[in-house]
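Going in written order, the chains are labelled A, B, C and D, and every chain counts its residues from 1.
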């Protein structure tokens, strides 16, 4: 213990690293991700993917010859450890860019901290749309979409594929995401199809082990559509219990995060349910699956982890792609060996980069514009789990609230015709 | 609320209560005999579930009949009890019986922390699901609502069997009577030649098996994932404290109250469903400090 | 006749089927130490418990200096001037003997200042004196768990006396003490009581103690006072010799 | 039924050498922002948590263990966040007072119920109250922000708007002042008549009653103090953290406080802070360097302390340094 403190104190006394303009030995990045706790279903795949991608990037010479070095911080260790570690990574670890975080709550904590520490921070996975709607940031960027386009894509896909449903019930996890996402979904649905009756709203506890009672209620209510934005073990349990008890025979399920559960659910997810992916994230992405880089990464990932990818892997790829694109752009624009922080920040303006999905652009309010992929589950025997058919990929720009507008206020200005105005690219599978 | 929905809520309440009771049973047994509130009980529950999923998954992958899942649940529970419960009692708890109860409780808390990481190291962070046992029994439809036979009939039946069996064991068998004698007065029991160390070991292993069995029985109905033990332990605490510590029949009734309270809340006022167990516990303890069936410790001067 | 210090009127208490106090009416005069004797299970301790408020009677009442204290909790009765010592000493076992007395003095004086150490309170000398009175000054700084049963009994009484009561209820002050020490303890005790001007009621089994130290004796049997008088009157009574003393010897 | 190994509640002062050592410790803490600025935030968290642990320690002195004291920690933190949100430009001292008073008031309300209980039931009932509050925080998401909690914007200090660095430095020294002041007060309180009467609950409530004192009233005095201490800790944590979440109230957090109290040396005020510092270091560095097994390391650490050093770290510490009978 004593030794540990002594070492840390010593490290603190050392100078903080080289000047920005000199080419450093490496580009240090700190990434917060869930290594423990329920959300590690996203955090661990993202870390594994990041390791592979960074290795690949460095094998090709890194960014302008500088290798990237990522260190990880566990979001599951609690907020105190997270904030201390975030600071440590920036102030002692010499991290030039931070990727934080998965949890929206952590994003809200860390975004102002990053701003105060004047470190570039990519919100690489958190969904809350509030951050840029409530404050302006100079150092914080989101390299992916927020909850608004994710939910709008789900509503529109539902209305395009099943325009005639009359009743809907919701079963969401009882925490901010479950509530926020329902707020957006409901607001949009009421604008696009005001005659829908919402027959049940259930918010079982986060991590609830059993949904028997909710399922009994749903069977009695017989809604045409059941929405659940749950994820991870909660979604698995809910879908398993619902499918076991035949609830899916009469109701269509809309599951905007089910892409991340496809493999685990196996045969338990019946065909005909609507599946989303928090972006255009799908291991058989119809526009990307024949691309060499996509294919080679997918096989690398499967070799190393034994699993198919989930959306957090795509989000990790976008954060890394944004990093590479920003530095490369800053180097080119300024004709330098290595950019200063101001030059990187300037390059972020309107930056376009491509991870595993469609290209993403950074808008003037630092929000990323990302495409959305929705599909319908099919059990066609190609894999021991459900794959998607009738896939639609939505352009993110139309579905994201305009700069300076609050999402729910903006959605309330939309009318039923909005659904028809949106024209996604459609694929059979 | 009409009669049908009333009955439906009742069914849901009973099936939920059954599972909670099985887990709480082990906790209250250990407390009744050893006066230790075992925080690690939740971990044993989780490991029971993990072990079952692994074992069933492995055996069924070899092509065995799904019905084999049931004996494998019992095997997993016993493995948890003997391989984890046994060493915990023998190596740790045995050293602290003369220590203040807060230290005993913290020892079990430390074991809980260790076992949480053990689960993650062994089974990783991805959820598991293995519902062959549940599917093997099929469904039953009541008032147009489909239930699984497993949850509606099997779980309550197992809970009832355990309740009756444990009562019989404690009151009618020699070993059971040794345990009860040790519970009432440890020193007196030792003075008439009862090996209290063995009784404690046996009790703890039994309690741990019950925790494991709870997990095993829960495994086909839920995702097995990190953190499931921490939630279950709080719920079991609520049941055990509501019942009165060490009260086996009381635990059954408290589990039913909490199960019913929860399911009726979901039908009538879903917002409070999460609060129900704690509200019941607080209300009961405010009226009856020793729990529903606990007896006040007489103070003599 | 002056008002009695303590008076019970028609006290009744039943535990299950047993009547531990059966219409007990008893007056205790100030300045006269009353010993209560009687066979085990006759209800002597129960009587003390009722008078001190630990147990509520089924019927009847208890009056202290004319005030009805029947329904008051023990702590309220204590503040009226009735202190209690116990058969098994009730002390703060992790504190020293002196600290036990200082705590009692703090309770008596209602000290509230959270920044002033209890050891610095004004009553410290008084408490040392009290310890000296019960012959325990030499163990003042020892933690109670380390003391002998006899010392603990004396400190238990000193704690009660520290409250400056007018009436002290004692349950077998000499039980658990080596017989060679009993007289010594009683000597100390009676001297301390008279010095502090405290009346006492004590339950006792040792007839020689009763004979020597009581001003009055009440014989308890089957839930009531069978006989009352001076020690010599009572102890020579044939019924008492048969029912009570006989049993004590047996 | 419950009793805890505490250092003797006697009131003798520590030997001079030991006192000097403690003073040196405080000076060292005060020098952290200059010697090791990267540890400042970590130590700040530890001091805030340490104050709450002192709250738990107070109850341990009466032989009682609360498994729900994170309740007061959290109530104070949420009050701070609500006040900041509803009164823009609120001063730090305003929310410090509001949070502490709120925690004390909650302590009074909950205390009136729980002081009737002892041992395991006391612990469980506290747990139940904290879990009810936790569920409410999660449930009434439109008010409480649910699991994401509420952001607590940086308050002004005596009307001055400070930058993050200046504010954190201010907060750090405020924490040290509060720790020294409240730690000193609690030690004095333990030695005072009220504190001594409170501590007798551990050994003999019957005698307490027969001293003319209501054990419940005595218990309530300590319960209020413990709730207020947790409240001060909570508001310090919330302002240092900049966000409050239901995790502040989660039962594991309460158990952690008891954990630290026993780790440091049950019943010792100085031990509580020492324990909190060591705990926070071990936890942070273990999660940084052994992300997969940090809980296991902490658990093993606790086991070793309980089995081999039941006096806690302060016990080891004083055995090594003290000549004579050093206490609390």
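Note that a residue touches a chain if its C-beta (ideal position, glycine included) is under 8 Å from a C-beta of that chain, and two chains touch if they have at least 3 such contacts.
Keep in mind that this is a model prediction, so the values were computed, not measured.
Novice: Identify the chains in contact with chain A as well as chain B, in label order.
Specialist: A chain counts here if it touches both chain A and chain B, which gives D.
Novice: What chain lies closest to the overall centre, CA atoms only?
Specialist: If one averages C-alpha positions chain by chain, the most central is D.
Novice: Taking the mean of the CA coordinates per chain, how far is chain B from chain D in Å?
Specialist: 32
Novice: When the centre of a chain is set as the mean of its C-alpha atoms, what distance in Å lies between chain B and chain C?
Specialist: It comes to 50 Å between the two C-alpha centres.
Novice: Once you find the CA centre of chain C and the CA centre of chain D, what distance in Å lies between them?
Specialist: The computed centroid separation for chain C versus chain D comes out at 43 Å.
Novice: If you average the Cα atoms of chain A and of chain D to get two centres, how far apart are those centres in Å?
Specialist: So the centre of chain A lies 37 Å away from the centre of chain D.
Novice: Would you mind listing the residues of chain A that make contact with two or more other chains?
Specialist: Each of 35-36, 174, 203, 205 in chain A touches at least two other chains.
Novice: Please output the residue numbers of chain C that touch at least 2 other chains, ranges allowed.
Specialist: Only 86, 90 qualify.
Novice: Which positions in chain B touch two or more other chains at once?
Specialist: Only 120, 271, 274, 301 qualify.
Novice: In the complex formed with chain D, which residues of chain C make contact?
Specialist: 52, 73-76, 78-79, 83-84, 86, 90-96, 99, 102-104, 106-108, 111-119, 121, 143, 159-160, 163
Novice: Mind listing the chain A positions that touch chain D in their complex?
Specialist: For this pair, the touching residues of chain A are 1, 4-5, 8-9, 11-13, 35-36, 72-74, 77-81, 83-85, 87-88, 91-92, 103-105, 108-109, 112-113, 116-117, 128, 174-176, 179, 203, 205-206.
Novice: Can you list the chain D residues touching chain A in their complex?
Specialist: That would be residues 35-39, 41-42, 45, 135, 138-139, 141-142, 145-149, 151, 163-165, 237, 241-243, 245, 247, 278, 280-285, 287-288, 291-292, 294-295 of chain D.
Novice: Which residues of chain B touch chain D once you look at their complex with the stated criterion?
Specialist: 37, 39, 92, 95-96, 99-103, 105-107, 109-114, 116-118, 120-121, 230, 234, 237-238, 241, 245, 271-272, 274-275, 278-279, 281-282, 285-286, 289-291, 297, 299, 301
Novice: Any idea which chain D residues touch chain C in the complex?
Specialist: Listed in rising order, the residues are 6, 8-11, 185, 188-189, 191-197, 200, 202-204, 206-214.
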